[in-house]
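Across the two complexes that follow, chain A remains constant while its partner is chain B and subsequently chain C.
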Partner chain A sequence: MWDMEAARAALPVVLSGFGVTLLATVLGFAVAVVAGLAVALVQRSAPRWIALPVRGLAAFVRSTPVMVQLFAVWILVPGLNALTIGVLVLGLHYATYLSEVYRAGIDAVPKGQWEACAALSLPRRRVWRAVILPQAVRNVLPSLGNYAVSLFKETPFLSVITVNEMVHEANSFGSTHFAYLESFTLAAVVFLLASWPTSLLVRRLEARLAH
Partner chain B sequence: MNDLLPALPLSSGPPASGFLSSDLLSSDFLSSDFLSETVRALPSIAGGLLVTLEATLLGAALALVVAFALGLAALSRRMLVRGASRAVVEFLRGTSLYVQLFWLFFALPMLGFRLEPLACGVLAFGLNYGAYGAEVVRGSIAAVPAAQTEAAIALGMGPGLRLRRVVLPQAYALMIPPFKNLLIQLLKATPLLSLVTVADLTFRIDQLRSATGGTAAAYLLLLLLYFGVAVLLSAGMNALERSAKARLGQEGGGA
Partner chain C sequence: MPTEPTAPAAPDAPGPVPDKVRFDGVTKRFGDHTVLDGLDLAVAPGERVTLIGPSGSGKTTILRLLMTLERVTGGVIHVDGEPFSHMPSGPSGRGGRGGRGGPGGPGGKLVPADERHLARRRRHIGMVFQQFNLFPHMSVLANLTEAPVHVLGLGKEEAAERARELLALADKADAHPTRLSGGQQQRVAIARALAMRPDVLLLDEVTSALDPELVAEVLDVLRDVAATTDLTMLCVTHEMGFARDISDRVLMFDGGRVLESGPPGALLDDPGHERTRSFLRSLH
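For the complex of A and B:
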């Protein structure tokens, strides 16, 4: 049954792991946002012999379990610490989701914008940086928010490669004090408290940008 | 690192140094040793694959039931029912699948209920993805034009008949593509089972890896098997979408 003492002891442990969870979320999502845009642009603009393999690789990464990818990279790539590997693998996995989001966002920019750029004979770089991308990013902002929340909830996968994020801490507290009920319940509550307001915020953003 | 999981069956931890260079070079990668071990382990791999498929399909079946229950409740005219559905969905989505599975496996026995490890997985997958699916069900039904419902009312159909004969067949075609994505997501979550002592595909291939030391080859094989299953599942869902659209007299489908 629920033991208040154990819960009180578990709370600081779980919260200290939450710091690592947040760090992994922020860094992982930063990787995903940048790499996802790169993948989307390569698929769109690079010559076929680059674009096609990139598309295939992205589909492969997208359709295979991130947990197996984490294990594989962790064991096959030496000399990087677990958090770095976790951030890179999780970030690149989400980059393959975000590349599709960006692609849709870019496709949704009206054709007239491209034609106006051509009429003004803007250089290609400026077309992308000053006209297309700002509108595309605005299109996809709510989706990016949803994926950020989703990545946050998948950071526990990093515990399989020994990153001491929240669930890892909850698990080790649970096993040493035989207090799984308290430690995992607290971890669940922290996840809920953090992800619910964020998803409400994303929904509000969605409603605002819809006009 | 042994404190990670008491039940962690995967022999994790980077191998001793010096191992890696040989691993990435051809000496072990697809060596005859790895191949013969793999052939010998084929029944075990096939067994693991079956467990993974079983967990995926049972989890998806439960998720479908949960999705329809919560999704239809979200469309109820009663505020209490809508609110309850919303709260359950937010709870199931907000607490992270990983934590839910571990809670069922480690914490629930402390309350006196012990479930089989595979049942923990199916329950966690079904509840978590069911909550995501509830949004799909709600959104797809809401996307069927209101005129369809009005026409059905004009023909004197009751609410149950309207839903069954007019609204759902149209909403169903809209649900399949997002359900396909959720199904692939669910498949990709199943390696979690290997962390709670279920001998799924990941578990079996990890045994092969330990037996042969062919790390790169084993993981490549594992990823390819998951990719193959994902491709088959999405082909199946595309076929479902085509048939659902054909029944509605629409063309195409299956991007």
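For the complex of A and C:
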């Protein structure tokens, strides 16, 4: 049965976990955005002896469960703290998805844009930075938003390596106070309150970019 | 006109003033499909040449080869008497100049040009495309200043000044290209190419994507460019009136070869080949 007292006691604990969840999301997604772009660019224009191993590695990371990766790195790399491992593993896992998103965005930039760059003799770096990437990222901004929400919802996996994010806190509160219903319900509501408006925002962005 | 043996050769140059552009036996194949078949073509400095012919006859490919958007399958393209599609091989190859053989001479062996060589040599060539290819995420002004600032090293103000001289769209400078009419967009694209001060301007069916009522404003701009500059121009067009106005020479293409060529009056009014006659009739 729902115990209001327990819920009131659980709320600050759950919210303090939410801070960690948010931190892991923001940092993890930052890793994913940067590393994903790097993977996309390497696969596109690096020499084969770099591009091929990177592609293989990305395929490997993409097709194994993130929970397994978390455990593996946690056990194999002892020096790092759990949150750092969580951010890196989750970030790199999502980087492999985002690299495909970027690839699609880059492919969607019309060939004429590349040709205009060649006709103006723009140097390669400038072509990417000023012409191709701004258009490619604009093409995929809604997808990036959706992946950010999705990464946010996968942060509870970090509890398995003892990161004290929201679900971890809810779980420990539940076990010490026998109030799982209250603590997990609160955690679920907080997730909902955070991700639903974000999804709406992403959808609005999508509509605006569609002209 | 192009082969006129004018002015005595400069002492260091064997023969007459080098052609601005010369195609020596240039072949271009896409898979099994031969688009250009051993094309020889010379264009003199400042000459205006219009390429006409049915679609698929290789006209656009000539422009795209010169803009380095395609690579030759065989033969060599020279610009200003120096190899353009190719470069001298060997350790001294990077400089490209100062070889003993003289410009275009039988100096070192030529190998297909690498990206660096092409990037350096194509700076003096500009191109205007059928689909404009403006940068949609940049303002009109930024479209015009991007390359002058980042390729030529002009200051932002200087580049903006140059842009304003080239384009009478003052109130549209901050607008994005998609807000402009097709004719205005193409005028921006022409100005963007001219802002790089090229010696050679390539015009690839620049009015084909425009609504009929917008064609005139673009052609007027180009007539003005032809009248007030000494640019070498290669133009692919189906606008025969325009071809007549600006061309020194018209080339009729068919099946990757030049079927006939001559001054616009002669070729357009009194073509020598039945193929040319039927092509010109088909445009009306």
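The criterion applied here is as follows: the second predicted complex is superposed on the first by the 211 of 211 C-alpha atoms of A that agree within 3 Å, B and C clash if a C-alpha of one lies under 4 Å from a C-alpha of the other, contacts with A are read in each partner's own complex, and residues count from 1 in each chain.
Simple rule for what comes next: a contact is a pair of C-beta atoms (placed from the backbone, for glycine too) under 8 Å apart; a residue touches a chain by one contact, two chains touch by 3 or more.
Since this is a predicted model, take the numbers as computed values, not measurements.
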Task: In the overlay, answer first, second, both or neither for which of chain B and chain C A:118 touches.
output: second
Query: Given the touch rule stated above, what does A:130 touch, chain B (first), chain C (second), both, or neither?
result: second
Message: Under the stated touch criterion, which partner chain does A:74 make contact with: chain B (first), chain C (second), both, or neither?
response: first
Query: What's your read, chain B or chain C touching more residues of chain A?
result: B
Task: Tell me which partner A:138 touches in the superposition: chain B (first), chain C (second), both or neither.
output: second
Query: What residues of chain B sit close enough to touch chain A in their complex?
result: 1, 3-6, 10, 12, 14-15, 17, 20, 23-24, 90-91, 93-100, 102-103, 106-107, 110-111, 184, 187-192, 195, 202, 215-216, 219, 222-223, 226-227, 230-231
Field: List of chain A residues in touch with chain B within their complex
entry: 1, 60, 63-69, 71-72, 74-76, 78, 153-154, 156-157, 159-162, 167-168, 170-172, 174-176, 180-181, 184-185, 187-189, 191-192, 195-196, 199
Field: Complex contacts: residues of chain C adjacent to chain A
entry: 67-69, 119, 122-123, 125-127, 129, 131, 133-138, 146-147, 150-151, 192-193, 196
- request: Over in the complex, which chain A residues touch chain C? Could you list them?
  value: 110, 112-113, 115-116, 118-123, 126, 130-131, 134-135, 138
